[in-house]
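Two complexes follow with chain A in common, the first pairing it with chain B and the second with chain C.
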Partner chain A sequence: MLEIKNLCAAVENKEILKGINLNVKQGEVHAIMGRNGSGKSTLANLIAGKNNYSVTSGEVYYKEKNIAAISPEDRALNGIFLSFQYPVVIPGVNTTYFLKEALNAKRRNREEEEINAADFMRLIKEKLKEVDLDETYLKRSVNDGFSGGEKKRNEILQMLILEPELAVLDETDSGLDIDALKTIAHGINQYRREDRAIILITHYQRLLKYAVPDYVHVLMNGQIVKSGGKELALELEEKGYSWLEK
Partner chain B sequence: MKNTLKKENSIIDEAISQDYKYGFVTDIEQETIPPGLSEDVIRVISAKKGEPDWLRDWRLKSYKNWGKMKNPSWAHITYPSIDYQSISYYSAPKEKKELKSLDEVDPELLETYNKLGIPLQEQKMLAGVAVDAVFDSVSVATTFKEDLKKHGIIFCSFSEAVHNHPNLVKKYLGSVVPMTDNFFAALNSAVFSDGSFVYIPKGVRCPMELSTYFRINAANTGQFERTLIVADEGSYVSYLEGCTAPMRDENQLHAAVVELIAHKDAEIKYSTVQNWYPGDKDGKGGIYNFVTKRGTCLEDNSKISWTQVETGSAITWKYPSVILKGDNSKGEFYSVALTNNHQQADTGTKMIHLGSNTSSTIISKGISAGKSQNTYRGQVKIMKNAENARNYSQCDSILIGSECGAHTFPYIDVRNPTAKMEHEASTSNIGEEQLFYCNQRGLSTENAVSLIVNGFCKEVFKELPMEFAVEAQKLMEVSLEGSVG
Partner chain C sequence: MNYLQRQFHALLDHCLDERKEIRSLRKTAFDRFNQLGFPTKKWEEWQFTDFSEIRKNEYRLAWGKDLPKIPDKIPGLIPDTYSIIIINGHYQPQLTKLPTGVSVKSHEDFSQIDGDEYSLNGNQNPFLALNTALMNSEISLIVEPDSIIEKPIQIIHLTTALSDQFMNHPRLVFQIGRNSQATLVEHYIGETKIPYFVNPVTQVSIDENASLNYIRILEEDIFGCHTATTNYILKNDARLNTTSFSSGAKLFRHDIKLDFAGDGGEAVFNGLCLTEDQQHHDQHVIVDHQQNFCQSRQLFKYILAEKSSGVFNGKVVVRKNTKQTDADQSNRNLLLSPSALMNANPQLEILSDDVKCSHGSSTGELDDDAIFYLQTRGIDSETAKSLLIHGFANEIIEKVKPISIQDYIHNQFTDWLS
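Then we have the complex of A and B:
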């Protein structure tokens, strides 16, 4: 579903990604771990199409197509979803309205009827339960005044409503209390399906206990220096990252 | 559902593909007096309009006063000094005889109004809006006049009112904005060309929206309309004003005066969508809009509400205000001011509380994009005898890009200790991060900007009459075109 070949990227002449190779197939869950500043969010943003990086070499293929020239919105419409490490506040834009617009953009793209208000409310209420948020959040502006944990739940809520095919979750587990962590893991497991794929960026084994990955990769200095099964996460938790340094 | 989708898409397409769409010039024979301003010119204007002596003398007195006044310099705007002798102060479509029906209006002119989407023609009257259209200096047609007459409502051009209702005009003209009020009001009082007059009699609720459409067509002319609206005891009126002008390289001056008078228990709602030509992307051309708008809540329990959506003009200098004289009277100001490219806006309001239990609400939304400057300037004054006066002010600004500016100057003057004042202000950016977030959820950048801007303006748009609200949203999209990415 996603194939990254020797991807190198820089910001303001600073090289951040130095040859990433990654192959994610349908039905798989990949965890990416690594120190602060190792380039995890950069990779996630590049997959979503953020354009303030310069890709110096390499390619990203999504559904067998090189997506270098595809805009972020078209990537999103074609099934790529990014749960942001730091979701932004959009003042004045009502959360329900925003979600409805986003869903309808997707439906229009598939040449489907727009969802009517009643159906949408039914859908959103059902999904709210999955992420344990109450309806009052819908009345507020997007992420406006949301606590750290509420923002993360709101990201998962959007994922459940938009039903992407490839979800990249950038530290969706950071800053969560134990119950919230389970809620997020539950959301991820709800979403998980044979025809979908997930990339989990995380610092902690504790999420991976509930949302078990098929593969774990370690990102260091802009490269994937080690890949393995779910046990690798446990090993990292025990030993840290320094043993991987060359 | 499908339909709204189509509509939205076409709005966006339109937004992408077009610049100022009202920029055409109507090829019509005009009678324009040569540029320049003097007592003689004023006599000529007055004579052309067949005015009574008292009005001519009022004009001359205003002119004298104006001569002693200075162009105000306190606003946060810069522009080359205006040469008042290079402007023509009167221009009218030729062939000025009394028009009996719309059939007699010049077809070229009607075509212009059709292009502007004004419901002048009979079939369009179903829309239920009575329109007075002011083309350059002259009021061309007032629709629905007969209908309104049945209710005793007077809705006509200012010139007509001078002839047919001289006592009303004489009583109220300059009673809210005195000729000495400010430089531009004095100039207007001397040379005003035409405009609209409305009188709603006692206890009458005006059954339709009244609307004036202002259009500057001729080159090198200034437009100086005068609008006077009087709502007698217990009456209600909602009034709409729209403005456009052709694209021209040189700047054109527009200096209007609007006076509103609300008697006991009366309510006036005044809405403006101002879309004068803003100049091109490099700041060339555009209208200089120096306007004085003020209303008086003359007696108890009256209410005046200003709603404005300002997207046009190279320079906007405008402070629709309310004098709250009657006890329990209410003043409201809802404003969206959008500036893009090199536009400059210095706009806001004044709420002067004189009576007791008076209350005022100010909601101002400024949107700056490109290299524009957008200033909110508002004054709330609670006078000594205004017991238990209340004011709520909220001034929000949003910046798109990094080369524009937003400024807020609230002046508060409280002389009665029982006053309750609340003020909130905020400034935010539409940043790349927000746009990327929206893009990531499948929304295009145009869509995202309009979502954010419309969300930002929601509180003001909901004050507009339906047809205007839709137009305002479209305008925002067109005006913001090219402001991002």
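Then we have the complex of A and C:
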């Protein structure tokens, strides 16, 4: 589903990614772990199509197509979803309106009719329960005045509503207490399916206890320095990252 | 002799039957205007606005023959409102619809109006002086005490079907009686391709425990220049809620002054300016806390596109020995083009200790991170930008009441955006 080949990328002439190789197939959950500054968010943003990086070499293939020239919105319409590490506050834009607009953009792209108000409310109420948010959030502006945990749950809510095929979750666990963490993991597990793939980007092992990955990769200084099964996460929890430094 | 002098003398000849107090007021005001002259870049409070367009254009005063055929459908008329219609400076009494408890006086009974609202009180604003000298369109609207006026009263100033460049100097006096509640909409619309100049002065007084919801909509044609002066006086426990929505006029300057003349007053200002092309919008606001326990809130937003420019100059004054003042002033500006320009200058002048005051101003472009966020949800970048601009404006628009007026403003905003 996603194949990254020798990807190198820089921001303002500073090299961040130095040859990433990654192959994610349908039904798989990959965790990418690493310290702050290792390039995790850059990788996530590049998959989603953020354009303030310069890709110096390498390619990203999604569903076997090179997506270098594809806009972020077209990537999203074709099934790529990014849960932001820092979800953006959008004052004055009502959450319900935003969710409906996003869902309808997808439906229009599939040449389906726009969802009617009643069906949309039914859908949204069902998904709100999954992430333990109450309906008052819908009346507020997008992420405006939301706590850290509420913002992250709102990201998962969007994932559940938009039903992407590839979800990249960038530190969706950071700053959460244990209950919120379990809610997020529940949302991820709800979403998980044979025909979908997930990339969990995280600093810590704790989310992976509840949302168990198939593969774990360690990103360090812009390169994947070690890959393994879910047990690698436990090893990192125990030993930290230093032992992997060359 | 410049065009204004010629017009002034023509006006005096035309209005020979006017009361002599009014004639002498006009003369004093015109002398004041001549002393002051048009503002120049050297005047601190006027430095960012160029008035040469008004100075050079030879506008003439609107006369009776300038009244065109009354349109079947008055543009801008909002459903379910009481209305007062003024076309090219001419009040149309046959179109007036008002509820009981509200009365209106126009130019015809102008001689009965007492002069207090008309005195210059040493004011140094040349456009106020010019209006007083040349006022040719007067409306005085009085809401009786203890009246609850449910529906809004909309006052439309329509400029349409001009044959040559002309000007109007409307004078509006609004008095809201004790314990009364009303919504007024002062609405300027232009539909012409000929340059014109509208220079209104609005004097609003809100008596004890009365409440006014006041909406000002500026949709002058792009060929129009509009300079306005609005003065508010709030008595004890009076409440004022204002919204201004300004999208029209080539040049717009508005001087707003609010005096808390009694204790316990509350005033809210929400303003949204939309400019494009080479439009220029300049608003100066002074809120004068002269009494105790008064609260004022200001939120002025500008959205500036293309080569347009804006000025916001707001001042909150808290006088010596006043108690428990609560004042907040905020100015937020969104630049949609690298050629758009904003000058903002929020100021506080606090001479009392017993205050809670805050102010701030920010000017920025659309947030790239927010655009990217929306794009990752499948929303294309143009729609994303439009959503963000909408969101920015919504903070003002969604507060407008009643809903019929909010809908009108919202529709006009959406039209502007597309």
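Quick notes on this structure:
To be clear about the criterion, the second predicted complex is superposed on the first by the 246 of 246 C-alpha atoms of A that agree within 3 Å, B and C clash if a C-alpha of one lies under 4 Å from a C-alpha of the other, contacts with A are read in each partner's own complex, and residues count from 1 in each chain.
Assume contacts are C-beta pairs under 8 Å (C-beta built on N, C-alpha and C of every residue); 3 or more make two chains touch, one makes a residue touch a chain.
Just so we're clear, the structure is a prediction, and the values are computed from it rather than from any experiment.
By the touch criterion stated above, A:T56 is placed in contact with neither chain B nor chain C.
By the touch criterion stated above, A:S147 is placed in contact with neither chain B nor chain C.
In the superposition on chain A, A:N23 makes contact with neither chain B nor chain C. After overlaying the two complexes on the shared chain, residue contacts for A:N109 are found with chain B and with chain C alike. Chain A uses residues 48-50, 52, 71-73, 76-77, 81-82, 84, 87-93, 98, 101-102, 105-106, 109, 141, 158, 162 to touch chain B in one structure and chain C in the other.
Touching chain B in their complex are the following residues of chain A: 48-50, 52, 71-73, 76-77, 81-82, 84, 87-94, 97-98, 101-102, 104-106, 108-109, 113-114, 116, 141, 158, 162.
Chain B meets chain A in the complex at residues 1-2, 4-5, 426, 428, 431-434, 436-445, 447, 451-452, 455-456, 458.
Here chain A touches chain C in the complex through residues 48-50, 52, 71-73, 75-77, 80-82, 84, 87-93, 98, 101-102, 105-106, 109, 141, 158, 162, going by the rule given at the top. Against chain A, the residues of chain C that register as touching in their complex are 367-370, 372-381, 383-384, 387-388, 390-395, 398.
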